[in-house]
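Here's a structure for you.
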């Protein structure tokens, strides 16, 4: 009984702590936010937030009917708990004063202290910047849930993403965006590893972690078998549409202003999504004879993943290649699981891991705007990209390995066989998705 | 036959009147709108509009299959008729020249007369302000439909919301935002009752009216019984996601500019939604053993309702308490219906009435930015909040009481038993939701 | 085998061509984009993009279960292939140097050459303008798919929209917006044909083409019969909601700035959508006894179509008439197919063709802001509108006639009877929408 | 033992279930079916066009009972499910050779 | 009376219904079922992975007729529903002891 | 021939199918049904309110076999589908007069 209450108690304790914190007063600081940039970053934050319901649909449509709510909850609960984690320590670890280039000081901006509505980050209120970045912190662990779907315990999942977000995501964000060792001006010849909107920080890290987790946790009961078909592909298509929509905020918002770079990021993002869909559909057509709706949805996401690190650095023509390549390569990526025999339920690794790697490398090749890639003769950038991928991948994999092992041993990560057969909706949430 | 045509005739008559109105010419006025603020308020208006399809899904998923279209129509038709009502007289009653602090002069801005594209409200075109406010006028009566779902006649509902919007919503908006007696600078020690984005005007008023209406109209046939389960919780989750997304416009848009206050409202809104979900899930976990998807969706909305009046006035740490509190308190609020035996189908009172009250009081307690609440020692503000709640609640309850009584006696508010059994989709709309 | 590979080869060839293009460098040009306007146009572009998933739901809900994915794919694949076409030549044909007022030079801006992130169109980056316009190019051919649903081959459809977009849409866009012969300052007394956001270019052209195509291709097997009912009207309602939301970008974005005109376009768009729904519901009520959810969804779209050409030119009171009129007239428009015996599956002609014509004419009647219509005594404008409708309609019809004939003879446009019976999802995509 | 298959209107399920409970019937199996019969000719209007709905949604209720209770059950269902309008449905009585409860393996009347 | 249960391919419903109408059969009951039989081995590709669909969607059509019409109905269905490919389905003829029309209480052949 | 109708728990389908395959049964028909029986009393909580779920989702598996295999099939299903908890379901054995394969017109045991 005591154990069951630990989590709520923790929350209540923290809330109590808050109450003694001195209230924050508005200060008058001379420079004020630019309304146009602020408008764009407010809506960009909202757009990225919408990606979580989008992801819930995208994933929820692919699982079996009996797990649809469970799968959707993986995204929704991530939005819930990661937001709170971000406010307490996540933002501070990612963007606080750097401790040796590895992570920010978690206490520096603990509970956003010292920040008022008038505090600016560039031309926008820091509060808005915090929100924009916080949405990334929420969606990244949720991406992993695609690999684990249909077999895991809800409370272990919640614990896992809280720890993973704190130990993997926030430090990686610091490395690349928070002034850490992979940022421009630091190591790697001072060029840094380019990652405009999170190819490595978001997609590669979640994809590789997904792979490690499913290898450790094992296959779903009966996998592969005929009754593991997607239960509602209309949701998956709609989810892909919402993800595409939200990704405009994700990528073009990463310019942190409504400027020329935002315009560039928007156009290449859109092109890559379209090319990704075309690439995947053509691959399907050639390999399995028919282009499918699931293929279109998958290709859209693959193209978007691929362009993410490159979005502020490449020209439209390069976006066609990156997107199309992502569609084809990720199609090949999802086939891999059949060959190697792990059970990545909804291809979190096949799409985000493989696509994230492709995107990071492609950025090193095609960067021509505000950075110089291989096509402009700069081989060093490509090397840096690969170093970034390897470093982030190894780090994420190692921490995930430990987390999964520990949580499985202590809390138990998987439901038992009978529960898996009955479906997680009923077992974990006491509900069913549809009462038609 | 004559009676059936009354409504269309009325519309045509009004349209005829319009034609004689002199055409509006564009005037050149020196100050022009700020593009950044205008951009933000355009998109905020669109975001609030999207809350109605979101509400349609949120509610539609919770009813039985046979009433899904009927329930969704309650939101969609509100968007239709309240928009037209707003253009004709609603806006004028809310924001026209005050008649003794009670309501605006309905003829002052009848059919938006005197307003041109160049007319400004603050830094944005008045047309945009009208739209932003008009979306609030549409969603507020639609919230009530959650209480009445599965048993009411469509035409009576349409008549009800038109009257309620005119006699309850528009005056209340005037009281608080249109320069009425609850506004700052007026009564109540000049402090007014704080209501940043509509905790009292929108949520409390609709919630209390919902309660009055269901008590008067009585329970659904067979309530409570096992086949009244939500028919599609995936819709309810998606609806909650869209509401969350749209609420950024609702709350952060209430700053009526893309400024520091909008940023603050955004961050506390997001935090409260997340905390609300966590609060509700923990309450469920403790009370019924399992956190549910319906609980997550409900907690999100509860948190959003709770923060609404406070959004521009409280710090992030307070948003955690307000949101978490809303989740827990509204969970308790929905349990009440079982105890007291009324049939609030989808808990419009339990969430909006209870959550709106909590939010109004919490604003009086936690306000620290641009206002001073109890935590800064200002007891008066808390008193004002309570006066605001009681006044608005009593007024809304009284008018609703009369409206429901009169409409029930004249038009009939409920369908008959057989129709209720067959389902409103077929009986009222001649359709069914799904032909699988 | 060779034939099957033609399409992918073509793509690869084009991609190869791209690689030899010199990389685009950022130039420093003195004027920079206005952040507020840019923010609004970024989000407007995203909003129009969201209309395609919206359309996918709107249409997908109306077909039979066995064709739901096929129908949704018609919208999604349009977003894919038309985006790429737009980048290669579409934008250049629409907005490149005019060749005699008929079309832009396709090579002028081939693959967006000569454009950098700093290039401006008005106060926004040209890249953003390209995207905004590109979304229109994607949705217009997708509208046609509503007429052809449930019977056509996927690959022929893809080929058709690529050709139609190139030969019909892009030239029409040039005529009206790209400095062509229907633009202001050119023929027609110098007044041009008013088309604010695409009543003629988008809706009339797609609607009339839809009519021509279905007359040539013939009815669905068994039409009309009882089992052709919409399979999921909740999707259709949600789709209508997303279309309404996205249409704010479509119309208010057509001001290409966050200014007074955008505010006007927003308010009249919203009013017309609401009035359209009311108009259709009243027409249904009178004619068939009950207002329906499908009617509400249809009326919303009809109202939006009707106001599209007028959005920047008319006052709110006129929007009520235009929207209400569109609802009633389009209701009559969809009845026509029963009378004339063609099978416009989802009423692409009945809504977009009829509504687009009504909107174009109504613009000539009611324009009072920044243009003068019949109500201000300018008969010439009405004449111009009619000339615009007739010219665009005839041109679209003629080219569509040839395209359909040629494609039917070469690739085959329809699936065979057995395939039609089995459903396009399984036959064309190897999937089913739902595995409940 | 006999299996009594009743085709009824969906909204009559509650009434039928209650009527059967009153006479002590505690078990039944329900499935969604679509019926085609005299009731045909029903039309629905979608966008003003008439569609003939040939297959009407119905429920099938299956009740297995000992022979001596057949008449009682049939009469109860007839009463509870009847509205007097075309389309009320049918009852078919079908012989059952054997009945087994899976949980216990019990057979015959003891199994239901 | 006999109940003729036909398991058919979903897209054959229209044909079966029409063929039965032609021989004067005016009533039937249809339900969605999933079949498992020789037809197994069918695979679908989702994201390039093969899934064996063991249960194939079928329709069950139930027609109750007097004994003397059984052969006619069976032959009609066989003709209308057959494609010659594995998975066309089965027909089972099951005895019916009694038939009742709920609306009127009529029994026997008059009830159908 | 007999038709063996088994009402089972949904998640037991896989086990039942495999057990039947092992004894050489290659054909069956499955449909989704809702059952009402002793198992009633199960409640679900939605927003803290208890709802009594009277109709529990079950599957009906229908297997037509020659008379001499009935016992074997019944026993197999009983074993595979049993959990020992209330609600495991029932098996009903129903006589079948005739069996026809639509594809070939074959009749009798050859048809299944």
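Chains here go by letter, A, B, C, D, E and F, matching the order in which they are written, and residues are numbered from 1 within each.
In this section, contacts are C-beta pairs under 8 Å (C-beta built on N, C-alpha and C of every residue); 3 or more make two chains touch, one makes a residue touch a chain.
Note that the structure is a prediction, hence the values are computed from the model and not measured.
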> What is the set of chains touching both subunit B and subunit F?
Replying inline: A, D
> Can you tell me the least number of steps between subunit A and subunit C, where a step is a move to a chain it touches?
Replying inline: 1
> Any idea whether C-E or D-F has more C-beta pairs in contact?
Replying inline: D-F
> Which listed pair, A-E, B-D or C-E, reproduces B-F with over half its contact pairs identical?
Replying inline: A-E
>> Quick check: how many Å separate the C-alpha centres of subunit A and subunit B?
In response: 33
>> Taking the mean of the C-alpha atoms as each chain's centre, how many Å separate subunit C from subunit D?
In response: 50
> How far is the middle of subunit A from the middle of subunit F, if each middle is the mean of its Cα atoms, in Å?
Replying inline: 44
>> Residues of subunit A that contact two or more other chains, please.
In response: 34-37, 39-40, 43, 227, 229-230, 288, 290, 292, 294, 430-431, 434, 436
> On subunit F, where are the residues touching two or more other chains?
Replying inline: 31, 44-46, 54-55, 94-95
>> I'd like to see which chains touch which, written out pair by pair.
In response: A-B, A-C, A-E, A-F, B-C, B-D, B-F, C-D, C-E, D-E, D-F, E-F
> What residues on subunit A touch subunit C, complex-wise?
Replying inline: 34-37, 39-40, 43, 47, 64-65, 123, 229-234, 237-238, 240-242, 244-245, 248-249, 252, 257-264, 266-267, 270-271, 273-275, 277-278, 281-282, 285-286, 288-294, 296-297, 300, 315-317, 320-321, 324, 368-370, 375-376, 434, 436
> Taking the complex as given, what residues does subunit A use to touch subunit B?
Replying inline: 4-5, 7-8, 11, 15, 18-19, 21, 23-26, 32-40, 42-43, 45-46, 49-50, 52-53, 56-57, 60, 68-70, 72-73, 76-77, 79-81, 83-84, 87, 111-112, 117-118, 124-125, 127-128, 130-131, 134, 154, 235, 425, 428-436
> Which part of subunit D faces subunit B closely enough to touch in the complex?
Replying inline: 11, 14, 44-46
> In the complex formed with subunit A, which residues of subunit E make contact?
Replying inline: 44-55
> subunit F touches which residues of subunit E in the complex?
Replying inline: 2, 6-8, 31-38, 54-55, 58, 60, 70, 74, 77-78, 81-95
